[in-house]
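Below, each structure is written out as structure tokens.
In the two complexes below, subunit A is the common chain; its partner is subunit B in one and subunit C in the other.
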Partner chain A sequence: MENLQPLGGKIWTKPFKVLTLLAVIGGIFIAKRFIFGIGSVTNLSDGYPWGLWIVFDVVTSTALACGGYAMAMLVYIFNKQEYHPLVRSALVASIFGYTLAGLAIFIDVGRYWQLYNVFIPPYLNVNSVMFEVASCIALYVLIMWIELSPAWFKQRYGKVPGWLNKIMFFIIAIGVLLPTMHQASLGGLMIAMGEKLSPLWQTQFIPALFLITAITLGYAMVVFESIFSANQFGRPVEMKMLSKLSRFIPFLTIAFLVLRFGVIAFNGDLGLIFRFDLAALMFVIETVLFVFPVVILWKPENRQKINNLFRAAVFFVIAGVLYRFDTFIIVFNPGHGYRYFPAFQEIMITVGIIALEIMLYMIFVKRLPIFPQVKHA
Partner chain B sequence: MSSYFPDSEMKTESPVSGVSRRDFLKFCTIMTATMGLPAGMVEKVMAAVENPKRPPVIWLHFQECTGCTESLLRATHPTVEHLVLDIISLDYSETLCAAAGHQVEEALHASVEANKGNFILVVEGSIPTADNGIYCKIGGKTAMEILKDIGPKAAACVAIGSCASWGGVQSAYPNPTGATGVSELLKEVPVINLPGCPASPYNILSTILYYLTLKKLPALDGEGRPVFAYGRLIHENCERRPHFDNGRFAEEFGDEGHRQGYCLYKLGCKGPETHANCPSILFGDVGSNAWPVGTGHPCFGCAEKGVGFHKPIHEQAAVYTVAPPATYPDFDEPKGKGIGVGAALVVGAAAGAAVAGGLKFSKVLKESDNSEEKKN
Partner chain C sequence: MNLDRRDFIKVLSTGVLAAAGAEKALAAEVDRYKRSPEAVGILYDATICVGCKACEIGCKQANNLPVEHSGLDEYHGVQNIWDSAKDTSPNSYIKIKVHKDSSTAKKDQFENGYSFMRTACMHCIDPDCVSVCPTSALIKDPVTGIVSWDIDACCGCRYCQMACPYLIPKFEYDKAFPKIEKCFMCSHRVKDGGIPGCAEFCPTGATLFGKFADILEEAKKRLTLAEGAEYSYPQHTLDSGKQTPKKAAKYIQYVYGEKDGGGTQYIILSAVPFEKLGLPKLPDHSSASKSEGLQHTIYKGMIAPAVVLAGLAVAAYRSTNQEEKEG
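Here is the complex of A and B:
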């Protein structure tokens, strides 16, 4: 097993200060939300009960946090041990994405003090997609913290307890199963929305499409985060591994596009692309953004250049995020004249949560053994 | 059904004289529906109505206003009155008897003796019990004595109206006459209570026809009321119920909500605690809305013991089913706002910073790529 070590260094850096400021602003608005209610900080309405918080903080943020899941699947299920050095940093990024998604739920749900009822056995509604998502995400957050706990044990006591190592294979297996379920279910939520969603998005295959893009987003985020943090923390880029890893992105994207266009064509709805309305426009933009990474990463020699990897990852992340925003907000039309654009304070709460996420990531990688040791030549 | 329609013409006289076949059929169908019987029972009801052996009915009046008799005679379809007088043998009724005085008293006692154990006793009005019942006397006998004498000889007793059912208006505080319902005093025979002020005429017609058709009494609830008529709260079938559930109330008479036909609960409507079928069968055969709530006045609970004449008219009712919440969501929800200035600035700044940062970072990476290439 490779050597992992804390990066060390100062915590209270200039970027950290800026993030702290954003987090504090977000925290103030969160306090306002809990004192004066959701209406005081958001533009949510009966037509759009799910706004920025659910769509970004939960749906998108957990998809972006699929790096840990995608890497665990690759390393432990498909047994590609050569990628193992990337697993732990991906896991840390995932942990904060998911944990703060759970926090965001508390802010977003109107009667948050009732939320615990979801987990009370007599109240379990096993026929509900929402229950599936809620229980899966909650359990997965717990699982991920267990998965990361060896890093803490190592740092604190110098070794990982034996019993933890013994059960870890089971924890990891569950940790791969759960996101497979709830990332699909997050898309499945929208099936219930029926004709409020354009047929270009609304198909019975939304769960599959959400799952494929979530896994691909996982890889794209691992590439993005690795390059970005290597640059920020002054570390060499794991170029060999990343260029090998990045080849999954075009394959998965093509699978996604084939399935998506196939289903739309099978339903006879391809003509909707040429209606030149908002849905058609967003669909074209999405498709172009999805095609970019395929074009950039298609040839093996292109995958050797770090800039190409970065650009492809960024385009796929934008495409995947836009796909989720389109499905839940932009193309979603509840009718009856409802409109939605997140309010300033609503956005600042999300910004604050993201800032907190990055701050925690920075603390963790500097204080716990997350990144592989740099081999000095 | 064909046997009811003679070959030659539809409009023949029915066995009940003075009623066209069409009206007769209509009446029987309405009655069957009111009793809650399936449509297939119409024929049986008709057969029962046409039976020449008419059951004797003795109708006693005590402390009352004759409103129930009036509503039975007037508020129904005109032909029904004929029909009722023809299908039953009304041997004694102070309102309808042509005879008077000792003559009619004799007729009463002759009928009671002749039909002992077979006649239906209808009681209208409460029985005063204070001071040995001296507040209501007929032919020198108190109401208590008359009931004690005639009551046990009947096959069954129908207490029509709230007075006979539980005391009615006379039993309101301080109840100086000690007014009491029939069922308190008459224990020997089954008593069917048909409360209401006045009782809906269809409920007594249905009860009597039920008995004639099926030769048994209809199912009764704990208060002795037929379930088919009193099984549900007015609140449950009220035409204004959706307004209650959505929090749209008339706050005072003549206000905007009152004119819009909103729920009258806050004006003291006793629908939530009164059992009766008023919202379903209405009153007076004059079409929709012909019942108190339909005309814009809260139900005052005339049919419910302890509510009508007991609670103040505008006191809010106890709600046994779903209680209205203290606050309601607006039913005119905001439709959401478009993009705000602050939000636009934040999104624009974030997008701009991301694009600029991304381009700059991409440039840095490109340079490092180039230097790598040069090295190689």
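Here is the complex of A and C:
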């Protein structure tokens, strides 16, 4: 097993100060929301009750945080041990993505003091896709903290308790099952919206499409974060591993495109693509963005260049994020003349939450054994 | 029969069952709910509505709702004089709107004409809001079929608003402790044998309250009337004894809500096409029946997730063991 160690170094750096400022600004607006109501900081309306907070902070940010899930599946379920060094840093990024999604839900729901009703009888409603999403995400956050706990035990006591190692395989198994369920269900949330969503998005296969893109986003984010943090913390890029890993991106994207177009064709809705309306335009933009990473990473020799990997990962992330924004906001049309664009303060709350996420990530990688030891040095 | 063939048949039948299951999962769950025999309902006949908005006042009085101002009254040089909400809102459960073409020459025709429309909760047979609510805060009464909201359950996630095809649930965005508000067909009055405030105040019988089966029969009877035929339209309820004599308009031969979105308990008659009145064109099943159909198939008895978890656990056990040996 490879040696993981804390990166060390100063916490209170310049970027960290900027992030702190953003987090504080977000915090002030969050306080405003709790005193004066959701309408005082957002442009949400009865036509667009879900806006930036739900769609970015929860739906998108948990999908971007699928690195931990996608890597765990690869390493522990398909037993590809060569990727093991990437697992823990992916897990740390995932933890904060998910934990802060939980925080965002708390800010977004109107009657947060009754949020626990989602989990307790007689109120819980197993027919609601939201029940499935909420319980799986809550449980998964807990599971991820358990998965990370060996890092803390090792740092604090020098060794990991034996009982924890013994049950870890089961924790990992649950940690793969839960995201499979809720990442699909995040798409499944939209089925109830029926006619409000264009048939180019609204199909019975939307859970499968959300799941495939979530897993692919996981790999894209691992590539992105590895290159970015190698750059940031002055570490060598794990090029061999990343170029091998990156081949999953085009394969999964093709599976996604085939399923998506197949279902639309089967439903007889292909004509909607040539309608020259907003839905058609967004569909074409999305498809082009999805095709880019496939083209860039298709040939094995292209996967040897760090620039290609980075570019393809960024394109896929943009495509995956846009797919989610289209589904929930841009193409979602409640009718009756409703429009939505997030308010400044609404955006700043999301920015503040992202800032906090990055701050926590930086503290963790600098103080706990997350990254593999650099061998040459 | 040898063993191989038996196995082959087993595999084959499993495959067929799985395919049948998938087919079922992809289709909507049909006939999930039927209207209870005691179900109540409202028939709104746009052709006899005169747009007086007495129903709105009746609703406010029955439910202690405050008068609302949208600036419309200020535009006319007065303030706080009359209720002027532009749409249904947390303080206005019903709203009369006029839908017009280029001019308002004639009532009850679309071209160069206009029609009134009364917006309120449709009290669906298979309500999307009830299906999606994660805290069971929206409840459909098993007897009357009235859909109401439970203040002690709701967590304010607003999934009901996302799912409702009619955009009925309204949320108090300007309050620190917000509520969801919508028409609950005056269930507090109906339970004691009373009728909703809107039906009580309507002077023409455009809003008619009654047992659902009876008002549907009444609606179908009206569709058989020839244009210009004399008809005595009952007021408030079918058996109130009060009637409005009027010539029948040229009805669109359709009862909106009989089947739309799986059916509703608030049904509408009009002489102007329903889509011109802001009513969505819906399939004859609810969207909720589709999402529940999928959900119920995948999670039936939690068998599939349990099997997957077992497989994952075996795989993870093997690779973590290998890791320890290597490490």
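Just so we're on the same page, the second predicted complex is superposed on the first by the 374 of 377 C-alpha atoms of A that agree within 3 Å, B and C clash if a C-alpha of one lies under 4 Å from a C-alpha of the other, contacts with A are read in each partner's own complex, and residues count from 1 in each chain.
The rule is short, and it goes like this: a residue touches a chain if its C-beta (ideal position, glycine included) is under 8 Å from a C-beta of that chain, and two chains touch if they have at least 3 such contacts.
Not measured: the values here are computed from a predicted model.
The superposition on subunit A brings subunit B into a clash with subunit C.
By the document's definition of touching, of the two partners only subunit B reaches A:V314; subunit C does not. In the superposition on chain A, A:I227 contacts subunit B only, with no contact to subunit C.
By the touch criterion stated above, A:H336 is placed in contact with subunit B and with subunit C alike.
After overlaying the two complexes on the shared chain, residue contacts for A:Y219 are found with neither subunit B nor subunit C.
By the touch criterion defined above, A:G47 reaches both subunit B and subunit C. In the overlay built on the shared chain, the residue A:F344 is in contact with subunit B alone; subunit C does not reach it. Residue contacts after overlaying the shared chain place A:K305 against subunit B, while subunit C stays out of touching range. In the superposed model, A:F325 lies in contact with neither subunit B nor subunit C. Touch counts on subunit A: comparing subunit C and subunit B, the chain ahead is C. The clash between subunit C and subunit B in the superposition falls on 184-192, which is one of the stretches 22-30, 40-48 or 184-192. In the three-chain superposition model, subunit A touches both subunit B and subunit C at residues 44-47, 336. If you check the complex, the residues on subunit A that touch subunit B are 43-48, 227-228, 231, 305-307, 310-311, 314, 336-348, 351. Subunit C meets subunit A in the complex at residues 25-26, 87, 89, 128, 131-137, 152-159, 161-163, 165, 167, 169-179, 278, 280-283, 286-288, 290-292, 294-296, 299, 305, 308-309, 312-313, 315-324, 326-327. By the touch criterion given at the top, residues 333-343, 345-347, 350, 358, 361-362, 364-366, 368-369, 372 of subunit B touch subunit A in their complex. Remark: subunit A residues 1, 34-40, 42, 44-47, 49-50, 75-79, 81, 84, 108-112, 114-115, 117-118, 122-132, 134, 165, 168-170, 172-174, 176-177, 180-181, 188-189, 191-196, 204, 207, 334-336 touch subunit C in the complex.
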